[in-house]
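Structures incoming, each one as structure tokens.
One chain, subunit A, appears in both complexes that follow, with subunit B as partner in the first and subunit C in the second.
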Partner chain A sequence: MKKDTTPFFVGYLKPAKKLRSFLLAVGVGLALLLTTFGIVIGGTQDDPGYGSFRFDYGPQTVSGVVEMLPYPILHVTDGNERVPAGETLMLTAGGKTGVAQRAARFDGKKVKATGVVLERGALNMLQLRGGKRGLDAIDGEEATAPTPEPLGKWKLAGEICDGKCLAGAMRPGRGLAHKACAALCLIGDIPAVFVSTKPVEGADFLMVLGKDGEALPKAAYDYIAQYISVEGDITRHGNLLVFTIDPGTIEVLE
Partner chain B sequence: MNTAEALVDFVRIWFMIGGVVAAFFLVIGIDRIDEDARGAYVFRPLIVPGILLIWPLVLWRWWVLETGRDNPDARFHPVRSAHGVAAFSMAIIITVTVIIGLSNRQEWPADFEPVRLSAPEGTSQ
Partner chain C sequence: MSVKYVPVQWNKNKWYYNFFMVAGVAGFLFLFLYVSPQLLSHEKSINPQVHNARAFGACAFLMLSIILCIGPLARLDKRFLPLLYNRRHFGVMTAFVALTHFGYILDWYFAFSKSSKYETLIFSNTSYGQIVGFPFEAFGLIALVSLLILATTSHDFWLKFLTAPVWKRIHYLIYVAYISVAAHISLGILQDQQNHAFTAIFLVAALTVISLHVIAFLHERKSGDPKAQSDTDGWVRVCEASEIPEARAKIAVLPNGDRVAVFRMDNKLSAISNACAHQNGPLGEGKILRCLVTCPWHGFQYDVRSGRSPAPFTEIIPTYKIAVRDNVVLVDPNANPPGTYVEPVEVPA
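Up next is the complex of A and B:
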């Protein structure tokens, strides 16, 4: 009977001489291929930006007035070194949930809010602690939210994102790679934010609402993370711009 | 209903059905099709997440084993030649998908200037 001399690879044994060059070529080739693939894919990705959770600040406690848009925002009246008075913070809870239900009963009232700050330039958000430790009314103190200032009707180009990931909860917090996450966050009532191609009245980021001031319309959900142009009215609430869009004017850009 | 909500609802319903299948399978089915599992209970909660994901496969295997249609020798059959074609095709499809995806990406419209269509009511533009 003829002896079969075909080399056979066994992982825990020294490789057969005939197989060594082949295995070396495959190993080096695979490493080069994957490295090249990683560099090419990585090179095509957009800069995720500089937003981040500021755990290094520690929990921040500020006082202010809650305004329901219907996404809740906090106009800070008594701030601190990190979050000065006059700031307007969007509010959120942990995970992919907003705090609209928790905050609704404090609409127009002065509250004490405690949580972790998310910062991305002029876009600020506070992830509240749970229960009354995160948000509670301050009895006996009066304060009013700044009067909204209409800025007219605008046509902007950019992208609809969720405010939490964009502010720094995720990197990247925008773009197609983040589309599913953004959709889940927005379904969970986290404030929607529009990223404009160029600053509008000094702001790159605007909170997005529906035409009648409702939360992001369902008709706009399919355009999340796509580059679009859209028309709507802009109003300044504190130092936050609010863009009430008409979903019928959305156009997907090339 | 938009696509995102439909996907979330689909996953929710899938997991709910999976939960029902897990309850029936771990209480009734597993004792009927796997004699080694009889009298063993602690491990059962550990396989709940798996059942939530692949409950149709669990139901199918339960039915195959329950009705005596199983061929226990099948698992020792050599890998079918079609697997090679499938693996090669998958490598091609993934590569082509990545290339098409990257080449069809939208460009960030960096040059688009915000346009003020009208001034707020009560003011002149």
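Up next is the complex of A and C:
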């Protein structure tokens, strides 16, 4: 009769000595491997960019002229230390909703706006407080928005995303993993932004609109967060560049 | 084996098993969540919600990879069998880690809008017609649902309720889960990072899972159980009696594809079905402990002569008629009804 030497293990019995040391080694090895992966993967996350909410500034109140693009922007006329006059701010509400409806009746009018600033380099946004405390007309005062200055036709490479997450509401606030969130913001009327790989007149970020100056057309939604090239016209509104694109010219880049 | 269902039948080995499992997961999460942010020299930190989501997501992927390596490893080297023993705890924990990842993502990327976050999960990104920019969240959802089904049906109650073959088939969902997770990662985060450390880890893990499965498959094809040779009167030859060690068995594949296990106990041979009533574990790779055949997977036990579990347990498996001629072990390939007593056949020591 043959002899049998293979180890045998049943869960409720103590494993044989030799098997015990093997299992101990496997257990310790696996636990250490997982732990090592924790620090390796955690320690190699990409930089999410430098945009952020400036809660540290506290709520800011400025006055200026509203211009509907149709995303609302504010040309600051009376600023403060944080938000100087001449600044152009994109406007938004809390969460993933814009303020196009609220701001529409103030188009071309002088207003007082209060909210929290979101800042990412030259990209500035103001998240308005609710109701009149956030945005209200200043009666009797006249002011006009600066005349738009056409900068001609451009073909740019970069990415379409929502201005709010990019400005720092989320870090990271762009890229393919963030695509659904960007689309959700844009559906909620948050201003769309084009992040250009090469600066245009010193700006990396441009507000992006449809061909006829409408909000980002649905045809461009499939390309949100993707690396693309697109053609259109650039116009300067205050110190904000606005890129009106023809979605038909979008090409996906590698 | 149980007569009454309790959430978990604890024993020392399960505690050890869970200790290492929890230690690995806790180590991973602790370093990822609390230590790694200090190593990153970012001007502004990643949002905690995103950092947490990444930690739990990556952890779930690695846990799933380890779980899927255990099966083929145990087939290649019997010493890994104990890792199989408590694998379901590992699976349940993975489902919880994956669910936490889902929670962070849902409450961040899909929240804060006017619609419910469950709706936004469906309609935010509808670019289903493209690869880059595909709503990769859908794959994550498939994986999560699969893992949750597996976790909820992991208990023995479900095994008994659904019957072992159905249960086993449902549990192939683990492969659906893994493939979906791989797609979720490939179309999601891998498309969206500059540092490729995770890409490398992902590839190594996935390739390990795949190659271990291939190797175990080839190994089994080469050194799988032998086919029983036909003999007179429709009986089949299994092996020589002297090949069977005391308290152990030889397995053979019968003409109808079933497997028979011929055991030697006190120099008497008995033939029973090789498939355990619990989860089809290979009884023939088990051992007779205190007069009972003990399944190598979870330790269910059977009387080798009758295929019956000792009272109060009620599991029964088929037995086979057996004879020995010129030292050759013969069995009748027509199985007896489960639980039928067969007189063992005496053989020389």
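Everything below uses one rule, namely that the second predicted complex is superposed on the first by the 208 of 254 C-alpha atoms of A that agree within 3 Å, B and C clash if a C-alpha of one lies under 4 Å from a C-alpha of the other, contacts with A are read in each partner's own complex, and residues count from 1 in each chain.
The definition used in the following text is that contacts are C-beta pairs under 8 Å (C-beta built on N, C-alpha and C of every residue); 3 or more make two chains touch, one makes a residue touch a chain.
Please read these numbers as outputs of a predicted model, since none were measured by experiment.
K.L.:
Once the shared chain is lined up, is A:Ser196 touching subunit B (first), subunit C (second), both, or neither of them?
P.N.:
first
K.L.:
Return first, second, both or neither, reflecting whether A:Ala31 touches subunit B, subunit C, both chains, or no partner chain.
P.N.:
After superposition on chain A, A:Ala31 lies in contact with subunit C alone.
K.L.:
Kindly classify A:Phe55 by the partners it touches after superposition: subunit B alone (first), subunit C alone (second), both, or neither?
P.N.:
neither
K.L.:
If you stack the two complexes on chain A, which partner ends up touching A:Leu184: first (subunit B), second (subunit C), both, or neither?
P.N.:
Touch status of A:Leu184: both partners.
K.L.:
After the superposition on A, what does A:Thr44 contact: first (subunit B), second (subunit C), both or neither?
P.N.:
Touch status of A:Thr44: both partners.
K.L.:
For A:Gly152, select first, second, both or neither according to whether it touches subunit B, subunit C, the two together, or no partner.
P.N.:
First partner only.
K.L.:
Once the two structures are fitted together, what part of subunit A is touched by subunit B and by subunit C alike?
P.N.:
Looking at subunit A, the two contact sets intersect at 41, 44, 46, 176, 180, 183-184, 187, 221-222, 224, 226, 252.
K.L.:
Would you pull the subunit B residues touching subunit A in the complex into a rising list?
P.N.:
1-5, 7-8, 98, 102, 105-121, 123, 125
K.L.:
What does subunit A use to touch subunit B in their complex?
P.N.:
Residues in contact with subunit B: 41, 44, 46, 150-158, 176, 180, 183-184, 186-187, 196-200, 218-219, 221-222, 224, 226-227, 229, 231, 252-254.
K.L.:
Report the residues of subunit A in contact with subunit C in the complex, numbered from low to high.
P.N.:
1-4, 6-15, 19, 22-23, 26-28, 30-35, 37-52, 94-97, 168, 170-172, 175-181, 183-185, 187-188, 221-226, 252
K.L.:
Of all residues in subunit C, which touch subunit A in the complex?
P.N.:
11-14, 16-17, 19-21, 23-25, 27-33, 35-37, 39-40, 42-47, 50-51, 54-55, 58-59, 62-63, 66, 78-83, 85-86, 108-110, 112-114, 120-121, 124-127, 129-130, 132-133, 135, 137, 188-189, 191-195, 197-198, 201, 242-248, 264, 267, 286-287, 289, 294-296, 298-299, 348-349
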